[in-house]
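Same chain, two partners: subunit A is paired with subunit B first, then with subunit C.
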Partner chain A sequence: MSLSIILQLLVNGLVAGAIYSLVSSGFSLIYSVNKFVHFAHGAVIAFSAYVLYYLFSTLGISFWFAVVLSLIFSALLGYATNELIYKQLRKRKSSPVILLVSGLGFLIFLESLILIFFGADVKVINLIKVTKGLEFMGAIITPLQIVIILVSIALLIFLFIFMKKFKLGKAMRAVSDNKEVAEIVGISSEKIYSWSFIIGSAIAGIAAVLIGLEQNLEPTMGTNLMIKGMTASIIGGIGSVPGAILGSFLLGILENFGIWFLPSGYKDAIVFTLLFIFLLFRPQGLLGIKRRAEK
Partner chain B sequence: MKKQNKIYWIVGVVVVILIIILSFITNRKESSSEVVKIGVLGDLTGDLSSLFRGVPRGVDMAKLDIEKEKDVKLQIFLEDQESCNPQNTISLMNKFINIDKVDFVVGGSCSGTTLVAAPLANEGKLPIISPVSSVPNITEAGGYVFRTYISDSERTEKSAELAYSLGFRRMAVLKDISAETEVSSSSGGRKRFEELGGVVVSDESLTINDKDFKTQLSKIKLSKPDVLFLCVISPGQISIITKQMKELGLDIQIIMPNEIAQNNELLVEAKEYVDGLIYTLPGDAPLSDKLIQLKDYYKLIYNEEAIPIYTLEAYDAVWLGTLAVLKSDRTKESIKDSLYQVSQDYKGVSGDVEFDENGDVHKSVVFYQIKDGKFIRY
Partner chain C sequence: MEAYFIHLIILIGIYLILAMSLQLSIGYTGLMNFGHIAFYSIGAYVSALFTLNDIPFVVAFISAGIIAGLFGLLLSIPTNKLKGDYLALATIAFTFVVYVVSLNWVSLTRGPLGLPGIPKPSILGLSFSSNIMFLILVAIVAIVVYFFIRRIIDSPFGKVLEATRDNELATRVLGKNTFKIKSVSLVISAFLAGIAGSLYAHYITYIDPSSFSMMQIAPILCMVIIGGLASLKGTIIATIILVLLPEPLRFIGFSSSIVGPMRQIIYALILLVILLYKPKGFFGKVELE
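Now for the complex of A and B:
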C-alpha cells in the first residue's frame, strides 16, 4: 500500500468522521445533560437541511442569510421539542425509555412532514461548483471537506472549553452529575435542559448545512445519520462530548481503512463489529475511565 | 370506576355495530359481478417512493380509461410496502388473498419483494403482475407470477456489449448488494464483458443506505478502468457517486444497465455531474394515439413534462389483468389462463406485452444518454 493510498484513506476517514462528529456532538451534549436518548436529533438535522434547501434553492435567499435562518430554526425546533414533548413527559415522571420512544415517534413524524412538504425526490444544495479536489501527496480533498474537518475540530475545542469554563457549561455538568444537588445550589434543571436542547440543536443546524452541501438531502437521512452518530457516541463514551467526537473520527477512519481490505459492502458490518467490541470489552467507551478517574 | 366501565361497554357495542354494518356494505359490493378487485403493492413512503411513484399513477390512469371504455368498475386496494420492505409484502399479500379477496395484484416493485410475494401468489392462486421487477429468476417464480417489465438478463448483456463496442476494455463494477436485481445485473454484465475479451479490473459494492463512496471510488481509480458499470437502484446515490467521481478526478464513461437514471429530479438537481451517463430503457413502443393521449393526460394531472418510469408498465398490467378477469369465469385459475390469451391481442403502451410461457415479456432494449440536461436517445 503506497503512501498516497494511505493518505487518501486517511482523508476519506477524516471526512466521514467529521460528518459523524457533527451529528454525535450535539446528540451527546443533549444526552449528557438529559440522560436519555434524543432520537429525534437526526430528524432535526434533516429538517434543518431541508429548510436551508428551501430558503436558498427554492426562494433564492442569499446563502449566508439562509444559513443563519436555518440555524435559528434548528435551535428553535430543538427547544420546541423539549418544551412540547419531553418537558410534558418529565412532568408525568416518565422513564427514559418512554422519552426515547417518544423521540423515535417524533423522528418518524418529522420525516413524514419532510416527505409531505418536499417529497422523496433527490434534493441537492448546489452552492459550490463541483471540480476536482485539491491534491496533496496523491490524496485528494475538496475545500468543503477541509471546512467540514475544521468545523468539527473547532466544535471539539469549543465544546470542551464551553463545558469547563463557561457558567452555563458548568451548570450543565452540575445537572448532569446530580440534578438534586444542582437545584439546591440554585440551578434550575429545567432551564438547563432547555439550553442543552437549544445548543445541541444549533450544532445539529451546523451539521445540516455542511452535510447538506456534501451529500444529497433525503427525508430519511436523519435516521441513517443517527445510527452512525449514536454508534460513535457509544464508542467515544456515551455522555462525553469530546469522546463522541473522538469516537466519530475513529469510526470514520476504521470504516474506510476496513473496506480497503474487505469488500466494500461490509462497511456497516465493520461499524457494528466495532460497536460490539466496545460494548463487550470497554462499555464505558474511549474516555470512560478518564472520566471515572476524574470523579 | 363503574361509570368508566359502562362507557367502555357502550363504546365497544357501538364499534361492533359499526363493524357489522361496514361488513354488510362490503359484502353487498362483493356480490356485484361487474366489479374487478385489484390489489396494488405500492411503495408510497420511504426513500424509494419517488422512484416508484409511476406505479400508483399508472394504475389510476388505467382505472379511468377502463371504466370509460368497458362496462366495469375497478376497485383498487392500494397498499404500501414502505420502499420494498418484504415483511410488509407478506402481510399485504395475505390481506389481498384472505380479506380483500382481490382478482389479481399489480406489484411488487423491487424484485426481492416480488420473489417474496411469489410463493404466496402461487399457493393462494392469485395472479400477480409486476410492472417493475426485472431480476432473471422471477421467470421461474411460478405459474401465477407475471411481469410487464423486461428481465435483466438481456439488457445487462446488451449494456456490456455496448461498452465493448465503444472501445472500452477495462471495466470497473460498482453494485448495490442490497438489491437483488443489481447483483444479478452486475454479474451478467461482467460475464458478458469478459466473454467479449474485456477485463473487469475492479468490482466494488455498496448498500442502499450508503452516502459516501470515496473509498470505493479510490479503489476503482487505482485499478485504472476506462468504463464504470454502475448498478444502483437509488437516484440519490447516482448523484453522489457522479459528484464524488468528479471530485476524485475519476473521469470515465458510466454505463448503467437499468433505467434508474431516467429521473427528472436528477436532471434538475445533479445536472452538472450526471452529464454523459448512458443507461437503458426497455421497450420502444410506437407513438400510438393512446400513448399521446396518456402523455397529455399525465401532464395535465400531475404537472410533469415526462411520464416517470414504470407508469406505462403499471398501466398495461391493470389493463391485462382486467381483460383477463372479464374473459375468465372469475376463478383464479381461469384468470391466470386468460392472461396469456388477452396479452396476445392487447396493444401495450409500454411496448410488446405478450406473455411467454413463464409470464415474461420481451421488449427491445434502448440506450439513452443524459446530455446537456436532457435524456437523449443514444
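Now for the complex of A and C:
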C-alpha cells in the first residue's frame, strides 16, 4: 500500500463524490421543499445528457450554446414533471408513496424514450480529446475531473448563499419548515414547489453536462445515478443539501477505498451495505434532525 | 399461432404468481416492497444452478423458494421499522445489490454471459419439456399459489396483516407482534417470487442479469396497482390484460428493439394515469400510503 495508491484512490473518490454531489444536491433540494422522493430526477439528468449529445455531437451546434440549451431543457423538464404529474397528485392529497411510484413510472417512461430515440448502445460526447492526466504525487487526475470537483464545490457555496441570503431561498426554507405558516405570511407554496423543481432540475442539467463529458451515456444511467444520489442523501441526512453533499463525498471515497477489499464490480454493493447500515442505525443520516424514517 | 398462445398463457401464469405474491406484501400488509424482482432473480438463479449441477427439478424448485424466502427474512430485519417511501428506497436498493452481485460473481453466475442450457423440468420421470406440458405445470402452481394466498388473507392471520397495514400502532397495542407479522408476510411473498423465478428460468432455459434489472418491477407493480390494492381478483384481471395489451405491437411491425421500450412506456403511462385518476385501481379497497 504505497502512498501513491492511497492518493490515487482518494482522488478517484473525490471525483466520484463530486459527481454524486451534483446529483444529490438537486435531488435533496427538491426533497427538502416538497417532502417526497422525486425518483425521476435521475432520468432528468440522463435525458438532458442525451439532449446535449444530440445538439453537440449530432447537430453540431457549438458546445457552449448546446450546454445552455440543455440546461434550459432540464429545468423545463423538471418544471413540466411537477406541473403535469406531481401538482395534480398533490391536488388529490396523494401520499408520498404515490408520488414516489409516479416518479418511478416517469423514470421508466423517460428511459424508454431514450432507448427508442437513441438506441441501447453507449454514446460518447467527444468534446475533449483524450488528454494526459496531470500527475500529482503519483496520483493522476484529468483537467475535466478538476473542473468537476471545482464546480461541485462552487455549487455547494452557491446553494448555501442562495438558501441563506436570497429571498427565494428563504421562502423555500420557510415552506420546507412549515408550509401552513409560510402561506399565512403570504408565500405561495405551489409557486415555491415549482421553483424548487426548476432550480433542482437546472442543477441536474449541470450534472448532465459534466457527467456526460466524464462518462459514456447509457439509457439506464439515470437510474444508477439516482440510486447513488439518493443513497448519498440518506447518508448525509435526507432533505439537507449540505448533508447530501457531505454524504456524496463520503460515499465516493468509501466505494473507491472498498476496491482494496473487493473487486471493483462490487463498488455498488458497498454503497448499499452502507445504505442499510444507515437505515438501520441512523435513518436520519449524518446531518438530519427529524426521525422521519419511522414516522 | 397455437404455440404463441400457449407461450402467452405461460407468461400470464408466471406473472400471476409474481403479482399475487407482491399483492400480499403491498396490498394486504402495506409493505412498500419494491424488491420483488430481487427474490424472483434469486429464485431463478438458485433453480438454474441446482439443476445445472444435476440436482432434480423438484428439489431445485423448492430450494429456489426457500432461499428467496431466507433473503426475504434477511431483508426484513433491517427494514422492519421503515415505512412508506423509506422502505421503498431500501427495497429498491436491495434489488440493485442482487443485480450487481449476479453481474459480478462471475465464477457462480457467469456474469453478463448468463446461464444457458437450463434443463426443462421433469418430475419423477414425467418430462415437462413440451410447452403444453409446461403450461399445465405453471397452471397448477399458479392455482395452488392463488388458493394459498386466498387462505392466508381469509384466515385470522390475514386479518392481522390488514390491521397492521391500516394501523400498526393499534395492532401492537392489541398485543400482536407486528414486526414478526410483517417479516412472515415478506418471507411468504419472497418464497412465492422465488418459485416464480424458478419457473421462468426453466421455461426460457436461459437467464442473465438483465432479465432481473430494476425496471422489471414496472409491469408487476402496474398489475398490483391497476387491479387495486387488497384485491386478488383485481390483480388477476390486471395481470391478464397487461400481459396481453402490448402484444399487438409485435404485429404492427415494430422492430423488436422498439417493442421492449414501447411496452415499458405503455406500462408507465397506464401507471401514471391510474395514479392520477383512479388511485385505488379498479377493484382496490385501500389507497397506497
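Annotations
In this section, the second predicted complex is superposed on the first by the 287 of 295 C-alpha atoms of A that agree within 3 Å, B and C clash if a C-alpha of one lies under 4 Å from a C-alpha of the other, contacts with A are read in each partner's own complex, and residues count from 1 in each chain.
Simple rule for what comes next: a residue touches a chain if its C-beta (ideal position, glycine included) is under 8 Å from a C-beta of that chain, and two chains touch if they have at least 3 such contacts.
The structure presented is a predicted model; accordingly, all values stated were derived computationally and were not measured.
After superposition onto subunit A, the partners subunit B and subunit C occupy overlapping space and clash.
Using the contact criterion defined above for the overlaid structures, shared-chain residue A:Val185 touches neither subunit B nor subunit C, since it reaches no partner. Contact with neither subunit B nor subunit C is seen for A:Met137 once the two complexes are overlaid on the shared chain. By the touch criterion stated above, A:Val124 is placed in contact with subunit B alone, subunit C being left untouched.
Shared-chain residue A:Phe36: touches subunit C; no touch with subunit B.
Residue by residue along subunit A, subunit B and subunit C are tallied for touches, and C comes out ahead.
Contacts of A:Ala269 after superposition: subunit C is touched, whereas subunit B is not reached. After overlaying the two complexes on the shared chain, residue contacts for A:Pro283 are found with subunit C alone; subunit B is out of touch. In the superposed model, A:Leu115 lies in contact with both subunit B and subunit C.
In the superposed model, A:Leu59 makes contact with neither subunit B nor subunit C.
Once chain A of one complex is fitted onto chain A of the other, the partner contacts of A:Val97 are limited to subunit C, with no touch recorded for subunit B. Mapped onto the common chain A, subunit C and subunit B collide along 127-135, the only clashing stretch among 127-135, 181-189 or 235-243. Of the residues of subunit A, those at positions 112, 115, 119-120, 220, 263, 265, 268 touch subunit B in one of the two structures and subunit C in the other. Those residues of subunit A that touch subunit B in the shared complex are 5, 8-9, 12, 15-16, 19, 112, 115, 119-124, 126, 129-133, 140, 142, 215-216, 218-221, 224, 256, 259-260, 263-265, 267-268. Taken in their complex, subunit B has these residues touching subunit A: 45-50, 177, 204-207, 209-212, 214-216, 218-219, 222, 235-236, 239-240, 243, 246-249, 263, 265-266, 269-270, 272-273.
Note for the complex: subunit C touches subunit A at residues 32, 34, 78-79, 81-86, 88-90, 92-94, 96-97, 100-101, 103-104, 213-215, 218, 221, 225, 257-258, 260-262, 264-265, 267-269, 271-272, 275-276, 279, 287-289.
Those residues of subunit A lying in contact with subunit C across their complex are 36-37, 85, 88-89, 92, 94-98, 100-102, 104-106, 108-109, 111-113, 115-116, 119-120, 220, 223, 227, 230-231, 234, 263, 265-266, 268-269, 272-273, 275-276, 279-280, 283, 292-295.
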